[in-house]
Amino acid sequence: MVSALYILIAALGAAFFLGFLKDGMRATAYALTLAALVFMNFISAGWVWVFVVDGAAPVEILTSGFPPPFAINLRMGLTEAALTLLVNLSGLLSALYLKDVLLALGRRSMAVLLIAVMALCGIILTRDIFNLFVFFELAAIATAGLILLSEDKRALSAGFKYMIVAQAISVLLLIGIIFSYHATGTLNIDGMAEASTELKTGASIAFFLMFIAVVAELKPFPANGWALDIYESAHPAFSAIFSAASGAAFLFAADKLLHIGGAAWFPLATGIGIVTFVAANLLALPQTNDRRLLGYSSIAQTGLVLAVLGQQDILGDRYLFVAGGLLFAHSIAKAGLYWLSGLIAGRELPDWAALRSRPLLIFAFVTFIAMLSGLPPFPGFYAKWELARLLAGEGRIALLALILFGALLEAGYLFRWFGYIIKREQPAQRVACTPHKLAPVIAAVVAGWALGYLWGDLSGHANLLLAVPLLFALSFLLLEWLPAWIKNTLAIAGMVAFFVLTYAEYDPLRLIFSVIILIGGPIIFLASYHEHGRRIGFYPAAMLMYAGLTLLIRANDSFGFFAAWEMLTVGSYFLILRGKHSEPHALSYIIFSLGGAFMILAGFALAAQGAPQFDLASLSLLTQPLAPWVFILLALGFMTKTAAIGLHIWLPGAHGEAETDVSPMVSGILLKAGLFGLIVLLMTMGKQQLYGIELTHVLLWIGALSALLGNLMAIFEEDAKRLLAYSSIGQMGYAVFGLALMNHLGWLMALMFVINHYIYKSMLFLSAGGVAKRTGTRDMYRMGGLITLMPLSFIATLIGIIAVSGVPPLSGFGGRWIFYNAILSSDVRLPMVILFFAGPIAFLYLFRLIHTIFLGQLKDEHRKLKEAPFWIILPQMIFVVLLLVFAVAPGLALRRVDTYLNQFFPEGGLNWAGTTISSNYGYWNPVAIMITVCVIFGSLFAWLLFVNRKAQKVKQFNIVFAGERPYRPETTHFAWNFFAPYRKALGFMVQPFVTRFWSGLTDLLHAAADLSRRLYNGNGQTYAFHFIAFVVVVYFLWTGV
Amino acid sequence: MTGKNMIKRLLALLLLASIGAMFASLLLAYVPDTDLNFTARYYAEHTAADIGAANIVTAIIVTYRGLDTLGEVTVLFLASGIVGLVLSFGRKQNTTLRNLVPVGELLTTASQYLAPIIMLLGVYVFVNGHLTPGGGFQGGAIIASGMLLLLLSDPLKRFSHTLIATVESFSGVGYIALGLVGLVLAGGFLDSRILPNGVLGELISAGAIPLIYSLIGLKVGAEFSSMLTSLSETEDL
Amino acid sequence: MEFDWMKIPYALLTLFIVVNYGFLLNALIQKIAARVGRRYGIPIWQNYVDLIKNYGLRSSITHGAMFYLGPVFRLSGGVGLLLFVPAIYGSYMFSNLSFAGDLILALYFIFFGTLGMALGAGESGHPYAAIGVSRGLSQVTTSELPLALAVFSVALQYQTLSVTEIVAAQQGGILNWTLFTNPVAVAAAMLSFLGSMMRPPFDVVLAPQEIPIGPPTEYHSSYLALMQTNRAIFPVAKIVIYMNLFFGGASDWPTFFLKVFLIYLWSAFVGVVFPRFRVEQSIRWFLIWAVPLGILSILMV
Amino acid sequence: MVYIAMATGFLLILIGFYGALTNRNLLRMIVAFSIADTGINLVIISVGYLPGRTAPILDTTVTAAAAAARIIDPVPQALVLTAIVIGVGVTALMLAYTLKLYEKKRTLDIAKFTELKW
Amino acid sequence: MSGLMTAMTAVLCIAMLVAALVAIRVLGDKSLPIAILAAGLVSLLASVLFLILASPDVAMTEAAIGSGLSTFLFFFVLARIRSWEKGEREYDGEKHD
């Protein structure tokens, strides 16, 4: 391979040579610049190839023919190769991106760009500490110069502020270097590392000064105001380099220093890194300027990697995998985002809605924020997993918690931004797309996915990008140009086919879930046929969710489970976001879900005790004192998905605002993921005690309270779909309660709820959605009297509410019956009282649902409404049939599970003799009930029909008001605030305490962030103060510790 | 405002007292070496034989740590380039030049005679860099002072940008080319032993050091001159 | 307890007995209430007269499907409830269709008729109907709660959900009745009973002056007749459950008649003494007085 | 002697920092930093100084053979040379920025250049 | 010899510190040109000190670049600003405190 020195030589040679070219020959100069950059990339890429494919050993490169430490030497190893490739590539792409600017400014600007890239490569390659300083200065000066590529006049002051701080940094660095030289007698990094017993003590001021100076270049909090100003005002292409390449190079420099200082200094790196990570993410919350926001995020990510650098003692051979994964994910994504920002005219976050006219760019944006948030299948995801397990394995829980907290904040503002893009009004100015600006963005996207594959390959786990369901979901990205109905057919066919191919692999319990997902999903998809056009973005999102769900129930190990969990979370987020007014709700959904996911991650990491992954079954082997904590973390994580009370505030909006066919998906199917998680958890870990508290009892209370409060909130809701959504909270409460009973029948009841809830909630959501589609509103009091116009929707709703309320003869009763039998064998009494209370309340909202929509008086403006579209009705009718079948023959689904559950709870199973189902306490014959009720009902109805066979239909009020209808139906359709007396009596229970708590929390975070970011008052001198204060404070904290 | 200033000063004093404490502990812990450390000892013992330069500092700068020096030259190159960029930042090209007050006759005349002499001095300094104190940087700076004199004497006289740029590029490319020759013919990049070492203390000795240092001198001189001209040519507002 | 075709005529026989008993009982209670209020009251056969009259009438109008379904639901609920619970303990003839399900079935089936009625009333389009339903449902959530708790307490006490077995456990002397073995539960249940009988002080649901303009006015002729029939069956069916659970059941018809009458009288007695509550007042009343009793009963078992 | 020089170097750095932190005039800040630069050079040279030895230049009195015992450490000197040149490069750059900033706002007060913040 | 050198060093150092304090306006509120000159003086004195510290190379460089060229640069810029500042607008922010 060509010596790495040629990277430096090519850049410098080209930069110097540019002077020969006359000012008029700018195109030639530009071509020369590009050629040099291409050559530099070629060298780096070649070395990467050599190290990866041939597995070569790192190469030492001597200069001036003398060995180190007498002359400067460079080193090219895998890390150096990869990092220089990153630097050179971002340099090349940015140069491409900067074509117009560079041509306008002339050869000097090109030379500066070349030298900037060269300097960063030098920082990476050199093994001499003073040479590192020289390259540092080069990079700093080049940075100050490149800031000027911007059209933003404010860049000038940003550059000046940077130079002030850079001056202070270099003073400290030089002092550190010279005293380190004095202590070790060498300037060679490796030599220092060998000779430096003094530097390694952790008390060496010389090393401290060197290290703090290098760290200061990583923009640590709070000495980073200058960097933010640069990010905000510089040209985005430069910011891309500054964030991706400079960050990487300086991090590697910090790594070199840690190599000298040794393990004693690791905590310092971690401390500074994590504080920066959390603080920068926090301060990013109130940002509205896109580039400044990205700047905060950049700083945060750099801080994270710095923290990881400080953890290399426990990361061992996974160090490069973790640090590299985080770094590359951050670099590529950040560069991509900065390049994207150059295509957007406005600087406010909502201005990015302009991207909407370009689905490709939206895809790019999604790729980038997914990489930043560490979502699968990108490198950051694998890195996060490894990091979490190693940290937890070593008991560094606080650090893990801070990392996850910071990551959640970051995901929060990134996804909020995405919400703006999808939902805010498009600005007048279009996306300015020229090929040379588009190419870098696309290159970043490609690189992101390629690295995702690579990291999956290196992870030691199953490569997610090879999982069939995920690939199937991703393939819809390529099919976006097809009309929706073809994609719909493909989706249905794919899911059903997958089920047919794999159904033999599931145990009875998983079979229930797989049927709901892979067969139940397609039934709901039938409703999607009513949508016309291409429906861009729907199918990839939906299929991603289904892929996640499918992988979830197929997962045997913790890693696969968690990856699937994240996938379904993200997929469903995109789905939910599609609703018209769902922006805030989708945001709170993703934040809660990711928060839950992080808890799961932490739980798994704790449980793994350092192992890369483990069989889910081996959760049962955990012992005190770890087990209860793992249990709590996992349970909390899963309960964010089941929307247990306290964690529920995302659900009503998310489900209510979603599209007609999306609501049943996210309610009927998605919620089950949380239950599935709880089942796996309880199946393996069983009962756990913490400080003498039985945790399943806590779950019982949570389940019962969810049931009660979910139902209560539902009755005061005016919006039909939100009512159903609240009802889901209640229903999931029942299911959680059943699981937490930890007995045979409790579990059976939970599964009964799983099936029932899927059927009737999907049906009701479709029905309500169809009505809302026709009436144009979801407020129930604006409807009324629709029974004659929409009879099929009415029937579906009627059957649905009978089933939900648990009234015989429909299947809801089965759930209630099992419930009573289950609690009889449990010794916990009090939470049941709450559930008893919750039960009848369901009637209230259910009655209201059917009454205020379908009964009462028809509004004038609705007189000409038609039945809901065929494709929305069809699945409802299928559900009606399913409900009836399941009501008569629950054994079809439950009998095998009942047997299966015997291995966990040998006692208390059901007896399935003939058509009668009996338990230790009671019995129940669904067939007989159905026949009896039908016969009585049928004969009475027939008789009534017979005696009144000549009756004619008359208008309402024909009797009461003697045929004269009161003028306005609004005045007499009793629908608004339907349960006013109830609110008087029990309204205090549904005060939005939880909402207030969470919004108070976010407000607090925002206010704190808004207050503390005033630290950055824009004054360069203050920034210098910050830097000095940073050094002093860190020093005192460090020596004080 | 003064109150705020007082606080600022007090805070600065406080912070710097802490930094000063760090420095103080460095100072107090400092024990001068009684003997050269192994790196310095190597240079002391081997420079004459390896490089053939009498001035060990020069040997270190040009050869042993040649990469640093290349970087250093690049810093100047960058700085002068950026100074040019900064001063043209946000400005439309080809605005008219301002009129400066005329300069005294004496200065004009003096500089016409003095400047070449100063420049010659500069050349002397860098050519002898391997023998006596001084070298490319000092020489380059002296050359630039000559240019400064010319500038002062006649502000409107524009230096030929092309000339400066050509010298700049020629010396830079030449420097790198010499370095490459070292890579090919001798031990490594920037190895000065591509020419015979000669006799210690003679002008033509120390391998390619005089050549390299001359190029550095030219380059440094050109960079400083370029900076000065850029600064002097900024137009009026 | 298997199905047997013979059970169908036997069940119909029970139904016949109970319908007649229900008519007479209703009239009797009404008369007693009237006498307490110093009025004369209706003749004891008045209900029969009304019923025959209504069944004889032919309606020529309808308000739509749910309008039909309301009374049908209502009466199906009453009949079903009666038939799902054994009427006479130890009698094969009058065990009705209890093989189809246990206590839970009966409890939940109570709502079948309520729901249907509410729906039918809703379709009339009259706001008062909706107001009545809204109030009724609101009240029922808390008034049923003590019952549910008491039932659960009883089920825990006897470790079964089968009505027959619960009755069996209470045989052998009056002291074996749940009334004495679990008095707290019975107290809770009887308070709840007050709420479910739609009598004062918990009858704002029907609010005789206002609400009847709604559903009963719209319902006439055979629709009304069905509802009247149900009004005879439903209270009895419900009282049968109370009787079986708390008062030792009945092993023959005279005991049955007596116990049902006495239990019914309890609600009438309270009703003539107390004034009417508003809905939120009754909700609070149940929550404050009855529910704690229910909870206590569960905890004490 | 070394200690005096080194202490002076450190003090110059602190004085430079103090000047940079308390003077709001851009030019004065740059002046302050150049003082700090001088200070750092002084410190580095002091570190390389060995009492009683001569400059690292070989001549008739300091022969190649005796050099190791006679000369001071040449390395810090090489470093300082580099540092000085870099320092002046940065200074020139900052001066150019100052000129431009002045042109833009007609002031040299750094507190006036706060349009980028938070 | 050594004593003399030490004394010279000390004097030089004190002079440098005084000049530095003048340059940053701690000693006397001097105008900007004076400050620049004072800074140049610090540099110049430093180069003498370098000579004493047996570093002639550094001394030359400091003299030529540190005290010479950079002082010129300062004056260049200052002169330019002064010439722009026809309308006697503030060039020294602190005068407006």
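Read from first to last, the chains carry the letters A, B, C, D and E; within each, the first residue is number 1.
The rule is short, and it goes like this: a residue touches a chain if its C-beta (ideal position, glycine included) is under 8 Å from a C-beta of that chain, and two chains touch if they have at least 3 such contacts.
As the structure is a computational prediction, the values presented were derived from the model and not from experiment.
A.B. asks: If you check the contacts of chain C and chain D, which chains show up for both?
C.D. replies: Neighbours common to chain C and chain D are A.
A.B. asks: Can you tell me which chain is nearest the middle of the complex, judged by mean CA position?
C.D. replies: Central chain is A.
A.B. asks: Out of every possible chain pairing, name the one holding the most C-beta contact pairs.
C.D. replies: Looking at every pair of chains, the most contacts join A-C.
A.B. asks: Just how far, in Å, is the C-alpha centre of chain E from the one of chain B?
C.D. replies: Computed from C-alpha means, the inter-chain centre distance equals 19 Å.
A.B. asks: Quick one: report the Å distance separating chain A from chain C, using the average Cα coordinate of each chain.
C.D. replies: Computed value for the inter-centroid distance: 53 Å.
A.B. asks: Return the distance between the CA-based centres of chain D and chain E, expressed in whole Å.
C.D. replies: Chain centroid spacing, chain D to chain E, equals 11 Å.
A.B. asks: CA centre of chain A versus CA centre of chain E: separation in Å?
C.D. replies: 58
A.B. asks: Where in chain C do residues touch at least two different other chains?
C.D. replies: Chain C, residues with two or more chain partners: not present.
A.B. asks: Provide the list of chain E residues touching at least two other chains, using ranges where the numbers run on.
C.D. replies: 56-57, 61, 65, 69, 73, 76-77, 80, 84
A.B. asks: Which positions in chain D are in touch with at least two other chains?
C.D. replies: 2, 7, 13, 16-18, 21-22, 24, 37, 47, 49, 51, 55, 57, 75, 77, 81-82, 84-86, 89-90, 92-93, 95-100, 103-104, 110-111
A.B. asks: All pairs of touching chains, please: list them by chain label.
C.D. replies: Contacting pairs: A-B, A-C, A-D, B-D, B-E, D-E.
A.B. asks: Applying the document's contact rule, which stretches of chain B touch chain E when the two form their complex?
C.D. replies: 1-2, 5, 55, 57-58, 98, 125, 133-135, 137-138, 141-142, 144-145, 148, 224, 227-228, 231-232, 234, 236-237
A.B. asks: For the complex, give me every residue of chain B touching chain D.
C.D. replies: Going by the criterion above, the answer is residues 5, 8-9, 12-13, 15-16, 19-20, 23-24, 26-27, 30, 32-37, 39-41, 43-45, 47-49, 54-57, 60-61, 65, 68-69, 71-72, 75-76, 78-80, 82-83, 86-87, 89-90, 132-133, 137, 200-201, 220, 227, 230-231, 234, 237.
A.B. asks: Mind listing the chain D positions that touch chain B in their complex?
C.D. replies: Of all residues in chain D, those touching chain B are 2-3, 6-7, 10, 13-14, 17-18, 21-22, 47, 49-51, 55-59, 64, 67-68, 71, 73-75, 77-78, 81-82, 84-86, 89-90, 92-93, 95-97, 99-100, 103-104.
A.B. asks: So in the complex, the part of chain D that touches chain A is made up of which residues?
C.D. replies: For this pair, the touching residues of chain D are 13, 16-17, 20-21, 24, 26, 29, 33, 36-37, 40, 43-44, 47, 75-76, 79, 82-83, 86, 89-90, 93-94, 97-98, 100-101, 104, 110-111, 113-118.
A.B. asks: Give the list of chain E residues in touch with chain D in this complex.
C.D. replies: 2, 5-6, 9-10, 13, 16-17, 20-21, 23-26, 32, 35-36, 39, 42-43, 46, 49-50, 52-58, 61-62, 65-66, 69-70, 73-74, 76-78, 80-81, 84, 89-94, 96
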